[in-house]
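Chain naming follows the written order as A, B, C and D, and within any one chain the residues start at number 1.
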Amino acid sequence: MKKLINDPRAVVAESVEGFGLAHAALVTVSTDPLFITRNNVPTAGKVGLVSGGGSGHEPLHAGFVGLGMLDAAVPGAVFTSPTPDQILPAALAADSGAGVVLIVKNYTGDVLNFETAAELAEAEGVDVRTVIVNDDVAVEDSLYTAGRRGVAGAVLVEKIAGAAAERGDGLDAVAAMGNRVNSNVRTMGVALAACTVPHAGTPSFDLAENEIEFGVGVHGEPGRHRMAMEDADGITDRLLDAVLGDLGIAAGEKVLLFVNGMGGTPLSELYIVYRHAAQVLAGRGAAVERSLVGNYVTALDMQGCSISVLRLDDELTRLWDAPVNTAALRWGV
Amino acid sequence: MKKLINDPRAVVAESVEGFGLAHAALVTVSTDPLFITRNNVPTAGKVGLVSGGGSGHEPLHAGFVGLGMLDAAVPGAVFTSPTPDQILPAALAADSGAGVVLIVKNYTGDVLNFETAAELAEAEGVDVRTVIVNDDVAVEDSLYTAGRRGVAGAVLVEKIAGAAAERGDGLDAVAAMGNRVNSNVRTMGVALAACTVPHAGTPSFDLAENEIEFGVGVHGEPGRHRMAMEDADGITDRLLDAVLGDLGIAAGEKVLLFVNGMGGTPLSELYIVYRHAAQVLAGRGAAVERSLVGNYVTALDMQGCSISVLRLDDELTRLWDAPVNTAALRWGV
Amino acid sequence: MLDVNWTIKWLTLCAQAMAENRLYLIELDRAIGDSDHGENMDRGFQAVLEKLAEVRPETPGAALKLTAMTLMSKVGGAAGPLYGTAFLRASTAVGDAAEVDPAAWAKALVAARDGIVARGKAESGDKTMVDAWTPAAEAGQAAAAHGAGNVLEVLVAAAEAAEAGAIATDPLVARKGRASYLGERSAGHRDPGAASSALILRAAVEAAA
Amino acid sequence: MLDVNWTIKWLTLCAQAMAENRLYLIELDRAIGDSDHGENMDRGFQAVLEKLAEVRPETPGAALKLTAMTLMSKVGGAAGPLYGTAFLRASTAVGDAAEVDPAAWAKALVAARDGIVARGKAESGDKTMVDAWTPAAEAGQAAAAHGAGNVLEVLVAAAEAAEAGAIATDPLVARKGRASYLGERSAGHRDPGAASSALILRAAVEAAA
């Protein structure tokens, strides 16, 4: 394992410190406990948006703190959800009195830690709503499982709920908007090569030269199944089939197409995937109205990508287009 | 080699096609010959800015086509400069009559091909100036060598010269601004792992688990020397020493600090490098006024980074801050 | 009888076990999770040690509460809240007694297990730490009922049952936690949380030896 | 005498040589460059073949010019403009004669070499294709002067000199092109462009055989 790090146990703290230095005009870093807030939080009258999760998914979530998106982000250790004693002060900082929406990716650890933090925040008089993101169609959703994971769709939830909060929507409306995005987005991912967690030192799984992991999440966990390597168009077909099979996009519907890199795959390859995905969607009569291509929800240096499709309506499109000013996503300002 | 590609020989064409589909609101792709133009080029009265080079460095250069930056980008085969028959029509398209500035990274191939294209464009009545970017301090500059390479500094040249063109500067002034940025920026890079060129199929060089290549460029070529792996702060010290040793930043000077990823290194690690670089600069009394951290000038999936420092003055800062609207860099609009 | 010294020794041995088994637990989690369980547990119990060096709790219950709060704020992931709840419920169960008798300890084990189930909603056979804690709590209760006052018997019964329970997770298909994403592929691997639970209950025996 | 059929055969054999040696040239470029020379040359000469299938040039000069323009527009990198200029200058040197005699061919080789030097500004010993073309042009001239009309002698002399020149680049430290960035580390490797130049001049012999 070769990484641009110092002490493997200081990776998150040092990385967030660097992030704070690079984006001092946007964010403030609290170091103990560790969390990141948008400068000048809370915004008077605005519902606060807080997200977080294990580190290793950068730019998620800190890269989305700023106008029109998150008020605070809470990074855990690598691939480990943050703890309530980090989440609570972040939520308190984000609250202007209008309440706070917690955006939580659906993993047992994240759910439990945010749940505790929510209780503690409510005990301190903060109105809290929680939006659970669970867009990953690789995982079966049932009462008897941990349910679907939250993956790349989190970015879309944070952007659109963030825009709703920014335009002045109330607490329930912002949470409802987050849930609306979540129920209209599905994601499927693939890995060509595993990532290496700094404290573990070896790749999370081993793939032969002709193998890929299909249905991976963003924690370097093995995927749904292992299969033979295919070309980009073939892989794109499979990812998109899984997404559309679950989401059920009909001809004439408008969508946002999001090709997300896992961290170690060149941007040029993501565009090759985007190309075919856009062609297939067009072939099915869907209108790709908005796009996002890049490394937004990563798994360290994992090679691979995910495809997300979000069903758009006029309001979602308007909120997607609304100004955003964060380290990783910026327009209109 | 596992990559999200179809035919290795179609990589560039398909990737650019995907890029065009994803950013249709910004750019138009010409497929034969292959080049990318900002929508509605030329802008009446504005000096045209054209850059290009081998592919594999994405988002460079196509990702910087748009308002406030390039009017056209010309992608060659992977790591191979484009040919005059691509560059010429791109230059013609970018010319509003105010002339065209070609921004060329200093490699023999790029220089020769752009030189030929410039001659052909002038023969067709276009006023052409060429700005050669050669910011890489890893390479000795002398009359008897190919001279220093152009690497990550190209982004800064394109941004600031682009802003100068956008505000209405004339042909010579835009070229002079490009040269001014180039003479005030220096870059040094390191690789932890080599990239794999699609048509070659094997990594460009082999590094042992405890070795790094110091002074690499962005073409997967071996670097200036191979050395033992160090921690992030140690590597950062060496990169910055090389940059500052050549650039000579004095206490009190203002700088832009740019930590560029080579493509395969997680963003979190780039921020660890940024952290220490910013601390060292602060320790030397320099004021880091602007920052850029991310994968902007890559070498496919190479792991590693480069550090660039640009000496700022008020005008350069103003032009850096001016609105830009491209796929990879956007603010103020 | 289990007093505060035993409790502190136990927690110290837990920290030692987590440090020694850090890579083992990472390896288990690498197979069916995200390679962090050993790191999380090691970080958490090192923090417990640091806390114990600062404040010396006066009762077993106080030591368990301090452990609960520390694990909750330092472990993160799924294991943090689950172990945090387990230690918190155990602390409540033993109250502020200076010494805990076998029956009370067996009740504390049941309370810990119930806390884990209440938070995580896993059932026996879901391939989680519950599969170590449920047999441990039951064996502890049985030993306390039979053994008439021999605390070591209770501790040994719980540890052995937890170890057997952890081993018994090997063939299971996970239905809760991260391993459940693997579906059938999770079979053939030991659950990391069940393994760390067994280590914790084994340390309890050693602390009393 | 070298006529248009020989020229076309030569170019066809060049294309074949580049396809066969694609990986060899990539490997040479991998060591001291960016792993693309074989790919570039193969792409370029395949395009020449395609062009030759569309338009049948009527003179050696026309075939050389078509080659020059095609390489210029399909090869890219450093090699594209350099080979493009070489073929263009050779084309100008042979003019529109239907057949090229040994002396004219030797002059064409000199013109090609001069074109490469004019574009690339490399000197002998800089570890570039010039190190193949300069000895080739000189040997060709010498053979034309001695050999009194035997065209094969000129072609063979040039090919052998180019091959020796390519081999002689092995110990050199590069001062031009991408290999120069490696400094001393470029020594011990053959220059890819010198190697492809030798292949091209060897194909000229085979076309006349």
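Definition applied: contacts are C-beta pairs under 8 Å (C-beta built on N, C-alpha and C of every residue); 3 or more make two chains touch, one makes a residue touch a chain.
Note that the structure is a prediction, hence the values are computed from the model and not measured.
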*Smallest count of steps, each to a touching chain, taking chain C to chain D*: 3
*Touching chain A and also chain C, the following chains*: none
*Name the chain whose C-alpha centroid is farthest from the C-alpha centroid of chain B.*
C
*Could you give the separation in Å between the centres of chain A and chain D, each centre being the mean of its C-alpha atoms?*
54
*Please report how many Å separate the Cα centroid of chain A from that of chain B, as a whole number.*
29
*Please work out the Cα centroid separation of chain B and chain D, and write it as a whole number of Å.*
32
_Please output the residue numbers of chain B that touch at least 2 other chains, ranges allowed._
none
*Which residue numbers or ranges of chain D touch two or more of the other chains?*
none
*How is the touch graph of the chains shaped: line, ring, star, complete or other?*
line
*asked:* What's the complete list of touching chain pairs for this entry?
replied: A-B, A-C, B-D
*Residues of chain A touching chain B in their complex?*
1-7, 11-12, 14-19, 21-23, 55-56, 58-59, 63, 192-193, 207, 209-210, 212, 229, 231-233, 235, 257, 263-276, 278-279, 288, 291, 293, 295, 298, 300-301, 303-305, 325, 330-333
_For the chain A and chain C complex, residues of the former touching the latter_ = 9, 33, 54, 76-85, 107-109, 112-113, 115-116, 138-140, 144-146, 149, 197, 199-200, 202, 204-205, 217, 219-222, 224-225
*State the interface residues of chain D toward chain B in the complex, per the touch definition above.*
26, 30, 32-36, 39-40, 43, 72-82, 119-120, 175-178, 180-183, 185
